[in-house]
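Can you keep this structure in mind? I'll have questions shortly.
Letters are used for the chains, namely A, B, C, D, E and F, taken in the order the chains are written, and counting of residues starts over at 1 for each.
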Amino acid sequence: MEAWLPSLITATPQEGYELAIKLSRMAVKYTQPSAEVRAQLRPVYEKDADSLTAVSQVVAINFQTVAAANNYWK
Amino acid sequence: MEAWLPSLITATPQEGYELAIKLSRMAVKYTQPSAEVRAQLRPVYEKDADSLTAVSQVVAINFQTVAAANNYWK
Amino acid sequence: MEAWLPSLITATPQEGYELAIKLSRMAVKYTQPSAEVRAQLRPVYEKDADSLTAVSQVVAINFQTVAAANNYWK
Amino acid sequence: MEAWLPSLITATPQEGYELAIKLSRMAVKYTQPSAEVRAQLRPVYEKDADSLTAVSQVVAINFQTVAAANNYWK
Amino acid sequence: MEAWLPSLITATPQEGYELAIKLSRMAVKYTQPSAEVRAQLRPVYEKDADSLTAVSQVVAINFQTVAAANNYWK
Amino acid sequence: MEAWLPSLITATPQEGYELAIKLSRMAVKYTQPSAEVRAQLRPVYEKDADSLTAVSQVVAINFQTVAAANNYWK
C-alpha cells in the first residue's frame, strides 16, 4: 500500500472530518483491493439508507480519533 | 464541499447535540451527494424503528466528540 | 425545537442514566418529528428483542457521555 | 422507576462487569416495562448467536464506563 | 458465577487482547448460562462472516478498556 | 496462539492503522481457528458492501486504541 496517512493533524475541523471519511474508506480498500469490485458495490450501498447510516457511523468513530488527535482544534 | 464545520465549540449542550446531528448527516451527504436520492431515502428510514435507532446511535457517537470538545459545557 | 437540554450535569448516576435515555430518544424525535408516526413504531420495536438491544446500545453510548460529564459522580 | 443505581463504584472488576450487565438490561426495562413481554422475548434472543453478540456489545460499552469510573480498579 | 475477573492488568498486550476475548464471551455466558445451548450456537456463528465481524467488534471495544487499564503497556 | 502482539507502539500513523487491521482480524482467527474456513468466508464478505462497512467499523474502533497508545503520533 502506498503512503496515505502521514499524520492525523489537520488545519481545520472540516479537514479532520474529511480525513475521517478517508480512514473509513481505507479499511474497505485494504479488505477489498480491487477497484473494480468496489465500484460495483457503490451503486448498492449509496442508495440504501441503512448502508449510508452504517457508513456514517464508521466516519463518526474515526472522527473521534482525529478530533482527539487535534485536541478538538481548540 | 462548501465550508460547513468551522468549529466544534457550541454555546450550549443543545446546540452541541444539534451539531452532532449535522455531523451524522454530513457523512451521508459526502457518500451520496445527490439531494434527490437522499430525498427518496428519507421516507423509508424515517418510518423504520431500527433505522431510526441506528441514526440515533450515530448521533450519540458524534455527540461524544462534540461534548468532549466543549469540556461537557462545564 | 424547544429547549430540552440545559445541562449534562445530574444529581445522581440514575438521573444521568435517565438523561442518556432522553438523549437517545431525541435523535429519533429530530429525525421523525411526527409524534403520530413515532407512536406507530413503538409497538414494533418494543416487542423485538434485537430492537431493544439496539436501543440499549444507544443509551450505553450516551451514558458514557453523561457519566464523563459528571466525572462519574465521584 | 425505583432507585437502582446508587453509584458506579464497585469493589472489584467482576462486580463492575456485573453492574455493566445490569446497566445494559435497564435500558430494555425502561423501554419495555412489561416483565411479561420481556419474559416472552428471552427465549428468542438467548438462543440466537447474533443476538447474544449484540448483548455482549452493549455490556462492553457499559463496562467501559464502569471501568473508567473505578479508575480501572488500579 | 465463580470468580473470573480478578484484575484488568496483564503482563503483555497480547494477554490483554486475550482478556478482551474473555470479557466478550462472559456476557454471552451470563445471558445464556447453558453450556449445551452455547455449544449448539457455535457452529452457526463461526462459519458466518458477519457474525465473526460482530464478535471482533465486541473484542475491539473490550480491548479499548483493557488497553486503557494497562496504560497501553507503555 | 503464537506471539503476534509485542506492542501497540508503531513508528507512523499508517503502521498504526495497519496494526488496527491486524487486531480486527485476530479476533476472527481466535474465534475461527481454521484457515480453510476463513478462506471460504472471504469471497462472501469481500463482495458485500455492508460486510465491508462492518469490517471498517471494527478497524476504526481498534485504530482508536492504537492511536491513543501512540499519543496520536504527536
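Following the convention adopted for this analysis, a contact is a pair of C-beta atoms (placed from the backbone, for glycine too) under 8 Å apart; a residue touches a chain by one contact, two chains touch by 3 or more.
Please read these numbers as outputs of a predicted model, since none were measured by experiment.
**Q** Give the chains in contact with both chain B and chain D, ordered by label.
**A** C
**Q** From chain D, how many touching-chain steps at minimum until you land on chain E?
**A** The least step count works out to 1.
**Q** Among the chains, which is located farthest from chain A on the basis of C-alpha centroids?
**A** The most remote chain is D.
**Q** If you fit chain B onto chain F using the CA atoms, what's the rotation angle, as a multiple of 5 degrees?
**A** Going from chain B to chain F via C-alpha fit gives 120 degrees.
**Q** List the centre-to-centre spacing of chain E and chain F in whole Å, with centres computed as mean CA coordinates.
**A** Going by mean C-alpha positions, chain E sits 15 Å from chain F.
**Q** When the C-alpha atoms of chain B and chain E are each averaged to a single point, how far apart are the two points in Å?
**A** Computed value for the inter-centroid distance: 31 Å.
**Q** What are the residue numbers in chain F that touch two or more other chains?
**A** Residues 50, 54-55, 57, 61, 64, 68 of chain F each touch two or more of the other chains.
**Q** How would one label the connectivity among the chains shown: line, ring, star, complete, or other?
**A** ring
**Q** In what order do you meet the chains if you trace the ring from chain D in the direction of chain E?
**A** Sequence of chains in the ring starting at chain D, next chain E: D, E, F, A, B, C.
**Q** Going by the contact rule at the top, pick out the chain F residues touching chain A in the complex.
**A** Going through chain F, the ones touching chain A are 12-14, 17-18, 21, 46-50, 52-57, 59-61, 63-64, 67-68, 72-74.
**Q** Once bound in the complex, which stretches of chain F touch chain E?
**A** Contact set of chain F toward chain E: 1, 3-9, 23-28, 30-32, 37, 40-42, 44-45, 50-51, 54-55, 57-58, 61-62, 64-65, 68-69.
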